[in-house]
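Below: a set of structures, written as structure tokens.
What follows is subunit A paired twice: with subunit B in the first complex and subunit C in the second.
Moving on to the complex of A and B:
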């Protein structure tokens, strides 16, 4: 693992570009700023090309012999398949509006982290190979030769973009560097240049159903343990089922919530909620992963991993699917799943069995976000809630990139938070909702070895948290994303010690008054509840 | 490098027109042949560009959502920044094209001691960009008076509003002045902001300089050199009616002006100036965010290899049975 400098050292960031033009600046792999190479067995497991042992640090990347051809062919094919790519290659006016919108540029000052230059890394090759001006005028027209150094540069910078789409919000043409990164990573994958932190979860998820490769019996064990914990706190035994045919609803959470602190408290919240409203649902061990690291690899891999959701829903004969709190999972579900693996004619248009609400916005995909589902329950007074049980939390909400900029899921989580907590404070306007800043670890970059990159990229997010931490004494950063729950605690420890991280349904679990529960003395984390002044529920 | 070269390029173009007309007497070439050629390159190039774009399908519905989604009926959705209907998309696109909505979001982010990231008001690019484009549009519309006889009434109306101010007995067209100022600002900005300068290519300076020189020569002709507009109109009408003539009494300054217009037209389809068309086709802006309510079709969707449930159960049947997870085959 890379040595991470102290925060005081890390903030010495110079945003002035160097004197040399960027095309003359060879890529330098700085310590802590890149991820380990994908291992051959991870690529082999899913049949990705050029599996081999290699390392980005070494001179020889062991590219296939015809690697140039592969890239050119791959790029040509994608230009013909994606209008987005064609348009984004052609119309950027280099106005620079996107430059200081990227958390990686703000946190590193590296000019190639300006979204516009990140895109130019690919655009320069496009010009050389596919445009007349680029062929004739070369460098003068912003075109350059494809060399192995270019591939290395792509690897470094396209795995230094979290596909967060913040740049796209500010670009006058909506040029989405995330889209360019997705396609550039596809090209890199054609040469076998992926990172292990993505390739391994992909392989696991493909064969075993979830990122860590937890086998069915172990998964059931883990969930049972969480049920034990719930019983300790509430005195109530929840009884989730697995792979149960004939259940009304299939619930698919991100698997991170099942095993990793603090996601487990969110998972406990889901189970308590379902128990309390008497939902007829089942979990699946085959489709036990909502997350989709395939979407950080290629469109095809995204589709291959996502296929399990509909397949399992059909096999079990459920009516519709409910999805847990996860960011990139919802990018895939909301914008890709129905197109890729639909139509889901074997499912029914989702209706809440508790309130009768029809989820019109999900009537074709037939998958509802749990935050939509719970907001509707609260609105219809179906839950008894005691927000004072969350009084030890002074909360701010982190809009995760994908639900924010690929869905617009802003009010639902806020509505739940306001109904389950008494202390809620927003971060500055420029850093929330569609302008939210990434955790700095998304799109498969939440590894250990790139910790410096993560802390740098997370600086703008952390800085906004620090603001509310100092101003309102905020001590909890709430979010609806499993990657956030894994990544943000480290970020907070580094930049804003004293702030912990939670999911929205952890708050629901704490506030939910369950029928027949015992007097609660702790929250789901086992921390003693604050005694409220009116002596009410302690 | 880009800046210097593009300045040289523009100077060379001006000189070329000057020498061609003044020394070599190639009025017909610069007044008729080149404008026609440029116009047809423009047309063919733009058509080619748009066909090329249109040939690539839009496989996925990927709008960038910039406001609350339409979900539960009691939650107020943002119908424009996150449109769920075609009407919303039209409104969103209209705001983008007419008022540069997204650019209006711009704020500057800077890292200060603390560390503290501060966000400051920065709408100058938006303002200058808007003035630049709108005044250019007005200028182009006003020029139609040369190409039609009688002058269409909307051209007259726009010209008289634009020329509302008078100095002495001279109507001043505000649009031309604003165009010159705005393009100057955009150029200075490009040079003065280190990051923008760093990303700039020759092809970023070049159109700004051409447009600057166009506006400058236009203003010179109108207010200082008193161009022979009757003769110019004769030439323009001739071009428009495919009956070209080269009248006497047109100054070399006019030929320089016309040559630069020709260059800009011919250059247009092969440069970033095609953003004019591309903005309408951008999939992150021109699609409604309704992908869960209506299925978007990908014309090239193809079957992929998956790991089926049967394969999965075959691998784990024993352990599943051991903990009581139901299986298909006992």
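Moving on to the complex of A and C:
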């Protein structure tokens, strides 16, 4: 008969991990903490190396025979190409300022999720191969041999970093740990070690223009359905156009706003706004995605996907591009585009056709963020707004990592919220603006199989939302990122039930008084308004 | 029916029945801290140190939540609250444990550990008979009930995580589903 442990034996499990130096601790793939491997067809679609069927759970990762050479050569090439990388490899003094700033460390408690230690996973290999001290002194100089276990460790931890850059805010040397993750993921991609949640959107975007791979006719039908919904609420028919040559502006949303709940309400807000101000714009069924999962794969892939937006803008002959509420799309546009595919000299310096405001910050990229555009409209009194239509929302604002830390876009979304809503409450200072906590699902990690990882990574964000939920009865978390809108509802449902998620332009759509509209009785979600337009209670 | 007690005997018994409660109150800080440390034993030492030391609830959401919740449960024990009253505190704590520990036994083990912590810290009082075995058994029973409730909470949280995966797919493909329904 099998020996059944007694209850006290079950309880007396020693949870303390063995005290060993981190280099001697082999990586353990815990349940719910990693994503499925990229399928061969996803890699083949864009010509990425070593497409094969494999799984991180298996012992054999089917790496190419010369995998070590590939990594060393890849790292050498990147050290020469990116001066920033060499600096980031050399200058860290391991002061620990970043250590407790990462949401994944705070949520998982895993020391290898301290940004400094996560970076050491790569630095240790760099030291061994590229520095004299590392070659001679080995471990004493923080260097170690490259082994298959190191590759597995990289895969586990560099796909537990959302490249949110909160740690960089606190680094006295300005080391951008996201850049280190980007390079590490590039190296992993050289071996064919990517995750399907990134590889599939990349392939779809490359082939069909958006993450889900929705074809032009279906995309058009979906937008028309959302126009039907707008008509139901307002009585007004908006008439978006597609692939229209000669339009003044090309509007590119994150595709999640067209496909996914609750992003669709934000998309309805865009369409209503454009209709009301009579904007001469077109959507494209080819560049139907502002998001760029290429940026989670490699610089090269980021460039290829980004180029499609500009190729389409040139083909349609528009003057400039207006971009929707997306996160990493703006990091790509704001920080890389200019030297990657730009300058886009064939476009014009963006000027608002309604207010005449020149968007000088977009002089080179020719691409304007929609919250800058709308904030400018409000500031110039071009919109009639009734904030009371949003009275059922008690709002707090989540600064999405990329618009916040890569663009410094702090005031515009708040300005719009304050003009479209009556109840707005900030989360604590150390959790917003440049110190904002990530949703825990960015940089291609909003898959389903890693749900536990996402709940841990999003815990610090949720904790701050919980605070305002309890203190001010906040029931809505507003953001300007499509990944946030996909990931935060799940996070809220687990940690802070009773808080829903919206985009800023959903609030605009609700508050916007449109010429000739019928009396509204519901918001864009079809929920009854708290008050009727004539002031009575519903 | 209980035995009828008289005068001094009843007074003595009443006093004795309150001894554990009194000790738990007097030694609250040390017992609670020790219990908190056993909860943190799950983590590597450098993490445990951080979780214990950083007092800002936004800089250290996990450590401060564990302490707050452990204190709430401890207060319930001292007060002799019905375990059902501690429903929301326990739920918050177990939700955190449910994303760390994949087995329920690991997740709820910390509740049983309080039995050991109390016995360790009140060793003298117990050996001298100031705290009776009956009182300790009452406490054990209370903690066992709490553990059963915690087990339910753990299962609810895990089910919620699995359900979240399904809900998310539905949301993500919301318009695709609508379109396909519209096309029949």
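Simple rule for what comes next: the second predicted complex is superposed on the first by the 514 of 538 C-alpha atoms of A that agree within 3 Å, B and C clash if a C-alpha of one lies under 4 Å from a C-alpha of the other, contacts with A are read in each partner's own complex, and residues count from 1 in each chain.
Keep this in mind: a residue touches a chain if its C-beta (ideal position, glycine included) is under 8 Å from a C-beta of that chain, and two chains touch if they have at least 3 such contacts.
Predicted, not measured: the structure shown is a model, and the values here were computed from it.
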TODO: Mind checking the superposed model to see whether subunit B and subunit C fit together on subunit A or clash?
DONE: clash
- [ ] State whether A:428 touches subunit B only (first), subunit C only (second), both chains, or neither.
- [x] both
- [ ] Applying the touch criterion given at the start, work out whether A:459 contacts subunit B, subunit C, both or neither, answering first, second, both or neither.
- [x] both
TODO: Check whether A:31 is in contact with subunit B, with subunit C, with both or with neither, and answer first, second, both or neither.
DONE: second
Open item on the list: By the touch definition at the top of the document, which applies to A:418: first (subunit B), second (subunit C), both, or neither?
Closed with: neither
Task: Partner with the higher number of touched subunit A residues, subunit C or subunit B - done: B
Open item on the list: Output check: A:175 vs subunit B and subunit C. Expected answer is one of first, second, both, neither. What do you get?
Closed with: first
TODO: Check the residue A:111 against both partner chains and state whether it touches subunit B (first), subunit C (second), both, or neither.
DONE: both
Open item on the list: Between subunit B and subunit C, whom does A:222 touch in the aligned arrangement: first, second, both, or neither?
Closed with: second
Open item on the list: Quick check on the superposed pair: does A:258 touch subunit B, subunit C, both, or neither? Answer first, second, both or neither.
Closed with: second
- [ ] Answer with first, second, both or neither: which of subunit B and subunit C does A:100 touch in the superposed model?
- [x] both
Open item on the list: In the superposed model, only one of 6-14, 24-32 or 60-68 in subunit C has C-alpha atoms clashing with subunit B. Which one?
Closed with: 60-68
Task: Common interface positions of subunit A, toward subunit B and toward subunit C - done: 7, 11, 13, 15-17, 100, 106, 111, 221, 428, 430, 459-460, 463-464
- [ ] Please name which positions on subunit A make contact with subunit C in the complex.
- [x] 7-8, 10-11, 13-17, 19, 30-32, 100, 105-107, 109-111, 212, 214, 218, 221-222, 225-226, 256, 258-262, 264, 428, 430-431, 448-449, 451-452, 455-456, 459-460, 463-464, 467, 486, 489-490, 493-495
Task: Residue ranges of subunit B touching subunit A (in the complex, touch as defined) - done: 1-2, 5, 49, 52-62, 64-72, 74-78, 81-82, 84, 96, 100, 102-103, 105-111, 115-117, 119, 125, 129, 193-204, 270-272, 274-275, 278-279, 281-285, 289-298, 300-301, 304-309, 312-313, 315-316, 319-320, 322-323, 325-327
Task: subunit A to subunit B touching residues, read off their complex - done: 7, 11, 13, 15-17, 21-22, 47, 79-87, 90-97, 99-101, 106, 111, 114, 116-117, 120, 131-133, 140-142, 165, 168-176, 179, 206-209, 215-217, 220-221, 242-245, 285-286, 299-300, 303-304, 307-308, 311-312, 315, 333-336, 338-340, 342-343, 357, 359-365, 367, 372, 375-376, 379, 404-412, 415, 428, 430, 433-435, 459-460, 463-464
Open item on the list: Under the stated contact criterion, what part of subunit C meets subunit A in this complex?
Closed with: 41-47, 50-51, 54, 56-62, 65, 95-96, 99-100, 102, 105-106, 109, 112-113, 157, 160-161, 164-165, 167-169, 171-176, 178-179, 182
